[in-house]
Structure formats: structure tokens, C-alpha cells
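Below, each structure is written out as C-alpha cells.
Both complexes shown next keep subunit A, but they swap its partner, so subunit B is in the first and subunit C is in the second.
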Partner chain A sequence: MESTQQHSITLERMVDLFETNRKVLSSNDTALLAGIRDKAFTLFGSLGFPHTRMEAWRNTDLKESLGLGYDYYFHPLPEADIQKVFRCNIPNLDTAIIGQLNGWYVSKDVPLMELGNGIIMGSLAEAKKKYPTLVEKYYNLSTNDVSDVFTAMNTAFEQDGVFIFVPQGVKSPKPVQLINVIHHQDNIFMQSRNLIVIGDNASLSLVHCDDSYNQQASFSNLVSEVFLGENAFLDHYKLQNLNNNSTLISASYFKLEAGANLESHYLSLNGGLIRNNIQVLFNGVHGNANIFGLYLMDRKQHIDNQVFVDHAFSDCTSNEIFKGVLDENARGVFNGHVLVRRNSTKTDARQTNKNILLTDTARINSQPFLEIYNDDVKCAHGSSTGQLDPEAMFYLRQRGISEESARMLLMFAFAEEIVGKIAIPQLRQRIEDMVKKRLQGELRICEQCVLHCSTPNHPLDFKIDLSKI
Partner chain B sequence: MLLSIKNLHASINGKEILKGVNLEVNNGEIHAIMGPNGTGKSTLASVIAGRDVFETTSGEILYKGKNLQKLSIEERACEGIFLGFQYPVEIPGVSMTNFMRTAVNEIRKYKGLDALSGSEFIKLMEEKKKLVEITSNLTNRSVNEGFSGGEKKKNEIFQMAMLEPMLAILDETDSGLDIDALRIVANGVNKLRRPDNAFVVITHYQRLLDYIVPDFVHVLYEGKIVKSGGKELALELEDRGYDWIKKELGE
Partner chain C sequence: MDTDSNKIIDEVTQGDYKYGFVTDIETEFAPRGITEETVRYISTKKNEPGFMLEFRLKAFRHWLTMTQPKWAHLTIDPINFQDIIYFAAPKKKENLEKLDQVDPELLATFNKLGISLEEQKKMTGVAVDAVMDSVSVKTTFSETLSKYGIIFCSFSEAVQKHPDLIKQYMGSVVPYTDNYFAALNSAVFSDGSFCYIPKGVRCPIELSTYFRINAANTGQFERTLIVAEEGAYVSYMEGCTAPQRDENQLHAAIVEIVAMKDAEVKYSTVQNWYPGDKNGKGGIYNFVTKRGICKGNNAKISWTQVETGSSITWKYPGCILLGDNSVGEFYSVAVTNNHQQADTGSKMIHLGKNTRSIIISKGISAGKGQNSYRGLVKVTKNAINSRNYSQCDSLLLGSQCGAHTFPYIQVGNKSSVVEHEATTSKISEDQLFYCQQRGIDTESAIGLIVNGYAKEVLKQLPMEFAVEAQKLLSISLEGSVG
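The block that comes next holds the complex of A and B.
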């Protein structure tokens, strides 16, 4: 049996699916990888799905999401209308585009690209066959000791995803845009796995988009393992823009060797329920990680950012800034945890979460948390939640600016601290446009992936000109 | 008549601050309002501008013959009312250019005029900067963020020059300024003075009035204008303080 139809996600169903489809699940596995899968399945079975009585899930209730009926497939769906689905490119930005449809790598007959400079990009399933030693060296390294049910389930069930390998000393010449589109005529449950390895002194710029094509409900359970070698650099963008019936559980495990530098941007523009689980481990001295987040939520949308930074070595710096605007009945959760271990002297760790609540019914639970076992460190954390500054509103309106425009200016200014950190100019411009549209409430009317909105058929039009001149 | 305030009573959180203010301002006039701290000078300015934390309990404000209370804050601004803030607000992330361009064009839209193009706007901005002697580059700076006290006040005068109001109320624009900044602020007002507009200057000190010569000086005390006179009244207040006025009132 290769697919099952429209059942809710329960432990029983998943155990049954695993046992029935064990053979197809591990069809690309080496013996080592098959062993990892079995172990993860056992862990998954013992953990079970979370509930709100568990501390880590106290503010995020998945009952409704899990309770919907979803199709589950053990093989990729036909790649119909692929050109239509993947129009999501950023204008004037020269990227290497990798597509994923419902989590499966879109092959276009080339499942794995091997570029002249040694970079390998493509399907993880294919990489398992073609480069088993390379995959085995990294696969599950970060997730092996993790007792997270969704990560365990992903390891047990994943059949494909994206593999990117940048060899030692190679600087990827242009950004890689990884677009995962959910497109199915019925509700779908999908899991996919990415493995990204950046060698010593190598660098990569990666734009990772999660989009949905229609309004159909979906449940995505994504895991990315990202390895940065010594002095490696990754400029990473996670752009989330899914429909209101979607649930996205996205875990990223970053492991940084000595001197590695991570810039990561989590931009959550739309989605029914999004939970980002961001784990950063310093596995050597003098590493640096900047993790920025921006979320703009309304209606009954739910955003949950869980960020854990493990300062396991000395002389590393980390800076987290997460900012959100919550409107109507939206709900936000921020849980930041910085761990400074006993020997990690000269750690510099900062953590900030700022929220604007536009209504009395929007809510945020913010918990910045520093756990420090060394005295010779610089650490700071802060959290603020408020409304738009009434003094600033009065000031702007006294100059003739309408209440609506004044709100827009202030919200955009709030978001700009994060948007302004986007290093790729074309991407920054695009995100600025999307943030403006989002704040004006225009994105909700888009039936498709919003990246389509600024195609010539849907020109961007702003009532006030916020562009810099 | 440009502004006519009749028996204005206003309160905040149930506490009455203005207790029957009467004031008439004609086109082309400069009025100074003086008085001890906490007597309602800033409240009067805020109420004219339409700040909604204040409640007008009785009386009326007519501006160009229209009842102001029916207009929103931004409609009053578009009708030509400008408030120079005592404490200009810092707005990180909103550039001066965006701020002023949005304001200028929204006011133009209200008046049925086309928006200024980017180059027209930049030209206007450079012209007005020169007028108020601002040399620094405002373009990429956020509104009032990191501005010194003097820069903030000059920035208020710059905004006034950009928006060309009919009625400008300057709320202690002179406080905290050194003599050079004071001169620049006063010069700005004098250059912007026209036969058809008017200024209401709220101040504690006579020294501003050495540079901006008022047609009328009013003393606001305990929520009422208790004395009005010509510019010589300001000199007398500087000389004698407010006690003699309190005595005249029988306190």
C-alpha cells in the first residue's frame, strides 16, 4: 500500500503506516541509515504526540491540526503543472532554484546536480544512493540525541528532501533558492528531510521558502540538518508563506565548527499554525550566530518560535532578535533558551523578543531564558509587548498623515529592523514589498503562493510610498 | 477671523484643566501665551490639535468658521493647523524623508492636489532646509532619533516650513535652546510669517519675544486667560513675575 486517504494523524495510524510500508521507506537506505530509521521509529512510538500539559507544548495546541484528515503518500505525485507551481522566483535575482513538491525533490530528470566546483545539490534520496559515505558521515548527527517526537517521526518516515554539499574552500557563486510547495487537491500530510553540509572555509547563501499553492489543509513536518565547517559561512533565509489551513512544524539543527558564522532569518508572513524549532550548537570556539525572526500574524493564526542556542565552546557570540505584529485573534509564542556551559568563557549572548499586539484579543507568550554556568560572559535578554506608541501616532497624524497610514508607517518601521538585515538586495526589496502588502491586509486575498502576486498580472500598488528615495 | 475659542473647558481623566478659555486670533497675527507651569498652556495646544486624551466638556473652537471638534487630528492638520511639540517624539525606523513625503502628499491629496514627484519633493526639502538653516543630512535619519534637543526643535520648525500651515502653535519651542538655536527658530518663524497665516507661541521666557515680536501677549493662569496686552506685557512679566497678577485676581 503506497498511500492512505484522509485519516487524522494518530500514533496508531503512523505505527501502522510504518510497519506496512517499512520496505518502501528504507528502499534508498544503507544498512546504517536503515538502523537509524528503526531506532527513530522506536523513539517516536515511545514519545507519542504532544499535548498542552507538556511544558514545551503548553502554548501550542496541535489537537485540531492533527485531528484533520490527511492523505499520506509514499511516492511522489505526478509533477503536473510544474512550471505554474514554480513561478516563485525573485525578479532580477540570479539563483540556482531547487524545487520540492509536497516535500519530494522535483527532479526534471536530473535528481542530483554535480557542479564543476564540486558543489552537489539535489535529492537526498538520490544522494543516499550515490554518495552513501558522505551522507552517512553527517546524517542524523545533530538529531541522534534529540527526544523530539516530530524530529523522530521525520527520521523514521522521511523518503526525500534536499541535499546540498559545498566542499571545503568553495564559495557558492550565487544564492540557492529552495522552494517547497504544497500542492494537492486534498488535504495532505508530508514530511521531508534536508541535509546541508558546508565545508571548512566554504560559504553558501540559501533562501528556503515554504509555500502552499491552494487553500487545501496540509500538515508539514520538516527537518533540516545544517553543518557549518570551520570558518564556514551560511546566510540563511527561511521564508514561510502558507495558507491559513496549513500546519508547519519546521525543525532546523545548525552545528557550527570553530570560527563558523551563521546568519539566519526566519520570516513568517502567513500560515495557519507554524512552529519553528531552531537549534544552534557551537561545536568549536569563535563561532558566531545571528538569528533573526519576523512574524506577522492575524485572524486565528498561530506562530511559535522555539530557539535554543548551546554555547558549548568558549569565545562564541550569538544574537537573537525576534519581532512580531499580532492582529485580531492571532497567537504568538516565543521561547528562547541560551545555554552557556561551564567552560564557555567569553561568551557573548543576546536575546530579544518584541511584539506589537494590535487588538485586545491577540496574545503572545514570550519567555526569553538564559542558563549560564560561567562567570566570564556577556549576556543580555529582553522582551517587550505593547501597542503602537500613542505619542508617535499623535505626532504623525498631527502632520496630516491618516490614522491608517500612520499605523502602517509605525508597523513597517518595527519590521524594518529585521527586514533591513537581509543581505541580498533583491530579496530585501521583495520582502519589504511583501511585508507592506501583509501589513495592509492585502496578502490574504491572494489565493496562491504570494510570490506570484507581483507577477505582471498582479502589480504591486501601495497607497503610500514607503520606498527610500 | 482664523481662530475663535469661546469659553473652552477641557479635562483629562476627569480633571478639569481648561476652565473657560477665550481667545481670538486673526490672520497675520502673532500671539504669545505665557503663564506659570501647569496652568494649561500645553493642554490648550493639544486640544486645538485634537489630541483625544483630552475631553472638551463645554465651549467651542471655531477655525476658519468651522467647528474644529468635528474634525480628526489629521483633518485639522490638513486644514492648516500645525503643532510644534514641546517634546518631539522619536520614531525609530521611519526616515525623515518618508515621514515628510507622506505628510506633504497626504495634505496635498486632501486639498485635491497631485502628489509631488520624488525630485520635486527633494527640491522642496532642500529649499526648506536652507530656510531654517539645517545643514545635516536628514534623508536617512529616523524621525528625531538621536537628535540633540536643539536639533529636535529646529526639526519642528523645518516641518512647519515644509507643511506651510495657516495656524502654527509652537509649544515651548524655545525651552532648552541655546541662543544660536533660539535665533534660528525665531528666524524660521519670521521668514514663514505671511499676511494670511498666524502663530501662537507658548513660552516661559521673554527672550524668545526679543526675536519674535508678538502682537498680543496673554497670561494663562489656572485654566483661563486672565490678562491680555501688547508686547510690553511680556516685559512686565519678565520684570515682575506672576505674583502681581495673582494679587489682581484677589488671591
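The block that comes next holds the complex of A and C.
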């Protein structure tokens, strides 16, 4: 059996699917990887799907999402109009584009690109065949001890995804753009796995987009393992712009060796239900991680950010800033957890979550946790929820700016703290445009990927409505 | 950390718990363990009306269906609930009327604790209800208070004399289904204090209850109920101590506060149960459910707590802000030293419009202590224009301790503002250096800094308590430096 039709996601169904398709699933596995898969399957079976009585899932109910009927495929679907699908680009930004369609690496001709400087990019399935030792060295290293059901399910079922390897000392010359598009004529359930390895003293800039092209429901279970070697640098952008019928469970496991530096940006612009599970582990001294998040949600959208930072070594710094605007019936969840272990002296950890609620039906649950077992630390966290500052509004109104414009301006300023941290100018420009459009409510339904819903030659301007002054 | 500081820490951590003595008093016990029989025994012993027994039995049956909660950041050795004596009472003469009829041993005990029932009566103008093990020993000032229509007596007495009030309010804020320990308390609670302030009355003196665990192998389960009618005001204090024993003793209490329109209740606690020795042996398990409800508009409930004792503290005094414009406050200093563990904080539930709450929590961790703040701020859809501000700071003294912050913030409308901030740090070397440079020795400097750190909370305490709390704090911590 290579595909199943329109069934809801239940433990029984998944167990059945795994057992029936075990051979297909592990067709690219080495013995070691097959062992990992089996172990993950056992763990998946013992954990079962979460429910709201579980502490970690108290505020995110997947019942409805899991209950929909989905197609599940064990092979890539024919790429109907590949050029059309991947015409996503950012004006004037030269990137190396990697495409994924429903989780499968696209471009059959070149499954694995090997660039002159030693960088390898391409299909994980292919990498397993071609570089088994390299994959084995890193694969499942971060997720091995994780008892998260979706990660376990991903490890058990994953068949493809993206593999990026930047060798020691190499600085990737241009940003890599990884675009995962969900596009199917029916509801689809997909799982995909990425493995990104950045060697010692190497650096990479990665733009990782999740997009959907139609209004079909989808359930994505994505896992990325990211390894940063000593003094390595990763500039990471996660752009999420899916339709309102989509569910996205996205787990990222970052492991930082001594002196490594991570800049990560999570920009959730649209999506039915998004749960980001972000785990950062300092595996050496003097690491630094900045994790920024911005979410703009409306209607019945649901955003859940789970951020766990493990200060397992001394002299590391981490800074989390997550900001969100929730409109209509949107629901936001932020669960930050900073753990400072016994010997992690000179730790500096910060955690901030700020929310603006625009209606009485929007809701936010914010849980910024600190767990500290060392006295030689500087830790602080803050969470605030409120509305636009009335004094700021008054100031703007007093100067003749219409209420609507003033509101937009303030919300944009609120988001700008995160958007302004985007280091790639062209990308920042594009995201600023998108945020502006999003705040004006235009970005709700995109017939296609929002990345090309404004024309490159006519960048959006944020206008103050002069006619009303 | 320099050697001096280490020495000082050692001295402090090895310091004796000065309330650790045992009083030799004739005591009567219920049989060990808990069954329906135990519940009936307690009820019969206290000569309770039928509704009380019914309440207890319902609670007990519910408790049987529950399991001990595990979510707190605490390591709790398994508790054998069948190995506890649920009722112990100093044998007393029938119908105690005058102070000289009280067992002299007992009076001596309270004198030793610094609660001279007799002197209190004459000098300080604080009405005291003293509770030893499970039974209220003596309430002072009742007569004076009754002139104002204020009822201040033991819970048992209230059950006999004011059953209607008890029936109306008991369990109305903390139902027996609330949590595991609340259910247990509801089944076996033995005594406690009851306080009723009639409409428009401002209680002229501070009311105080002093709790003392004395007998071995017993648990203490007391219950306090405070009702402030429209426009009433009362300030209420509680203090607690226990003998030094190798075993862990269970203390599971309930405090319920009802504040009607325009009423104000101020509740202050200095908790100094035996914390266990420096190796973590013994000590009280302190599992307490405290909650108040601002039922009417403009009501105000304020909790202030200084938690220095107990080997384990599990306690979240909260306010349900039901009336419009009502106010909830929570001020806390929690100290954990040696092997003490505390998981404490507050719950503020905003239901009414324009409700306000403030949470100031100062955690101090030393030795191998683990100190967690856990708090909930919930603003419902209809609680428009509500405001909360929470500040939870942790001070770490020594590299073996831990300080944790677990805030839960839920906001459901657009016009409310909720802010939470927390910092964790040690005493900075700059601060110490500054003091030392001015000729203040390390120990005094730390005392100074810690007291300054906790001042925001201590200043909320009534004067009588503030002095005791400050002393306690310096005993618990002076000389520690990170």
C-alpha cells in the first residue's frame, strides 16, 4: 500500500500504516538508521497523541485537526507545475533555492547538490545513500532523548527532507532559501525531516518558508535538527504562511557547540494552527542564541510557541523575544522555559513575551518559565499583555493622523522590534511589506504563496492616510 | 565565595530552630490512619451537627477518588496517609471560661513562643486564638469584640454557636473538590478560627491565630474562615511553629475569606513551622489552600506572607475578584535554606470589571534550598479594564540552591493590561563592596541587602509581625553570600 485515503490521524491508523509500509519507509536507511526508526516507532506507540489534559498541550487542542480526513503518501506526488509552484522569490535577493513539495525534495535531476566549496545541499533521502557516515554522525542526535510524540512519529515515518552540510571553515556565500510548499487537491498529512550541519567556524544564512497554495486542509509534522559546530554561525529565518485550514507542528532542535552563535527568527504570518517547538541546547561554553518571534493572528487561528533553552554549559547567553498581535478569535500560547544547570556559571538569559489583544474574543496564554540551579547568573523574564498605548494613540491623533492609520502605525512599530532584527535587507523589506499587508488584513487568503502576491517592481508602501487629515 | 562567608553560612545553617521544644501535655488521640470511622470519630468528638458530618463524609469520599498532585516543582517522599494521627487534642477542662483555667503547661508553651495569652490581653491589644495541635486552646478578647458584633472564636465554637454562618460560607470559596489536600482537610479538619465582621464595622484590633503542632505522628488540619460584611474591615495575622522531630509531619490547612461590597480583609502570615535539620531530615509538609473572594464591588483582599519554615511548602493564596473594581494583593517573602523546598505563589482570577491585582514575590534561596514561584493571573472576557502587575524576584545565595519562576498568564479581553517581570540574581559584589567599604562587616551587609530586598513585602505586615518577620529573616539568612 503506498497511499491511504482520507482518514483521520489516530494512533491505530498510524501504527497500521507503519507496519504495512515498513519496507518502503526504511528503503534508504542504513542499519543504524533503521534501528533508530524502529525505536522511535515504539516510543511513538507508547506515547500516543496528546490531549488537553497533558500539561504541555493544555492550551492547544489538536482534536479537531487530527480528526479531519487526510491523504497520506509514501511517495512523492507528480510535480504538476513546478515552475509555477516555486516562483517564490524575494526581489533582488540572490539565494540558493531548495524546494520541497509536501515535504519531498523537489528536483529529481539533481537530488544532491555538491558545491565547489564543499557545501552539500539536497534531499535527505539521497544523502542517506550517498553520505551514510555523515548522516549517521548527526541524525537523531538531538531528538534521541526527546519524548515528544510528534518528533517520535516524524523519526518513525520520515522518508525525505532537506540535508545541508557546510564544512568546517566555509562561509556560505549566499543565503539558502528552503521553501516547503503544501499543495494537493485533497487534504494531506505530511511529515518531513531536515538535517542541517554547520561545521566549526562555518556560517550559513537560511531562510526556511512554509507555504500553502490552496485552501485544502493539511497537517504537517516537521522536524529539523540543526547542529552548529564550534564558533559556527547560523542566521535562521522561519517564515510560516499557510492557509487557515492548515495545521503545522514544527520542531527545531538546535545544538550549539562552544562559541557558536545562533540568530533565529520565527515569523508566523498566517496558519490555522501552528505549534513551534524550539529547543536550544548549549553544548559548549560561550555560546550565544537569539531567538525572536513574531505572530500576527486573526480569525480562529491558533499559534503556540514552545521555546526551551538549555544552558548546560557556562558563559552562554540567550535572548528570547516573542511578540504577537491577536485579532478576532485568535488564540496565542507562549511557553518559554529557560533551564540553567548547576555548573552553568556566568549565564545571561533573557526572555520576553509581549502581546496585543485587539478584541475581547482573542486570548493569550503566556508562561515564561525560569528554572535556575546556579547563583552566578543573570536571568530575567517579562511578559506583558495589553492594548495599544492610549497616550501614543493620542499623540498621533493630535497630529492629525486618522485613528486607523495611527493604529496601524503603532502595530507596525510593535512588530518592527522583531522585523528590524532581520539581517538580510531584501528579506527585511519583504517581511515589512508582508507585515503591513497583514496588519491591514489583506494577507488572509492568498490564492498562492504570499511571497509573490505583491509585485517585485512595486514594493508596498506604508501610507499614512493623508486624505483624512 | 570567600572562606569567611562559608564559615558564616555554616554557622547559620547549623543554627538551632529555637521553637523545636516539645511540651509535655496530656493529649488524646484519634486512632492512627484514616477511614470513614476516623471522620465520624472526629465529628462525634466535636459534638458536631449533622450537616458537618455530612460535609466531612462527602469530602472524604471524594478524597478517596483523588491522587496526590505531582505537578509542583517539589520532591516529596511518599506520604503514608494511614500512618498519620488525624486528631490530637490537649485534654482540657470542659467549658473553659477564664484564662486561669487553662492548663498551666499550655500557657507556658505559648509564653515560651512569645505569645503570652495573658499579657496579650492586657498589653498589646491583639486578640489571639491559640491553636495547639488540632484544637483551639483559648481565644482572648472575644468579649470586647462582641460589643462590636464581631465574632472571633474557634471554628468548633462557631459550629456550635453560629451554625447558619458556617453552613452558608464553609466551602464556598474552597470547595472540598478543589484539590487533594483541600479534600483531606475538609474530611478531617479539627479546628481553626472563625471570624465574622458585621456590616460597616471596622475591627478595632488586630486578630491573630497562633498555630502550634505539639504531639508526635500527628497531622494538623485546621480551617480558617473569615467573613467581612459590607463595608467591614479586619486585619488578621497567623503564626505557626512546631517541635523539632525526625519525621515529617503533615499540615494541610484551608483558609477561606469572603469580602462583601466595600469590605477589606488583610491577612498576614509568618510561617515558621519546623524546617527540618540541615541534612533535610524531618520538618513539616505544609500543604495549604488559601483563597479569598471579593464578592461585592470595591472589595479588597490582601495576602502578605513570610515563609521561612517547613521542609516543603505548597501554597498559593489567591483572590477571586468577582465584584467590579475589587482589588487583590499578594506580597510574599519565601526563604528556603538547607534542604527546604517551596513551591508558592498566588492566583488572581479577574472576573469583575476594572479589577486590579498586584503580586510581589521575593524568593530567597540558600544552602540546597529550592524555591519556586508559581502563579496564575487569569483575566476573563468580561473582566474589562482589569490590571495586573506581577513582580517575582529571586535571590540566590550559594551555588547549590535553585530558584524557579513559573508564571501562568491568561488574558481574554482587549482592554486589560497584564504585566509580569522577574529577575534572578545573587547579591552583587558591588553592593557588598559598597557596604564593606563603609565599614559594615560582611554579615551585616548581607543582612542589610536582604532586608532591603524584602522590604517591599515586609512593610505590608502589621507592626507586631514585621518585627518578628525581620528577626526571622535575619536568623534564616544573615551571613550568606553568593
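Convention: the second predicted complex is superposed on the first by the 454 of 469 C-alpha atoms of A that agree within 3 Å, B and C clash if a C-alpha of one lies under 4 Å from a C-alpha of the other, contacts with A are read in each partner's own complex, and residues count from 1 in each chain.
One rule holds for everything that comes next: a contact is a pair of C-beta atoms (placed from the backbone, for glycine too) under 8 Å apart; a residue touches a chain by one contact, two chains touch by 3 or more.
Note that the structure is a prediction, hence the values are computed from the model and not measured.
After superposition onto subunit A, the partners subunit B and subunit C occupy separate space and fit alongside each other.
Comparing subunit B with subunit C, the partner in contact with more residues of subunit A is C. By the touch criterion defined above, A:Glu55 reaches subunit C but does not reach subunit B.
In the superposition on chain A, A:Ser366 makes contact with subunit C only, not with subunit B. Across the overlaid complexes, the C-alpha centre of subunit A sees subunit B and subunit C at an angle of 70°, to the nearest 10.
When the two complexes are laid on top of each other via chain A, the two nearest Cα atoms from subunit B and subunit C are 12 angstrom apart. Annotation: subunit A has no residue touching subunit B in one complex and subunit C in the other. In the complex of the two chains, the subunit B residues touching subunit A come out as 49, 51, 72-74, 77-78, 82-83, 85, 88-89, 91-95, 97-103, 105-107, 110, 118, 121-122, 139-140, 142-143, 159, 163. By the touch rule above, subunit A contacts subunit B in their complex via residues 389, 391-392, 394-403, 405-406, 409-410, 412-414, 416-417, 464-466, 468-469. Residue ranges of subunit C in contact with subunit A, taken from their complex: 71, 73, 381, 384, 394, 396-426, 482.
Within the complex formed with subunit C, the subunit A residues making contact are 55, 342, 345, 355, 357-387.
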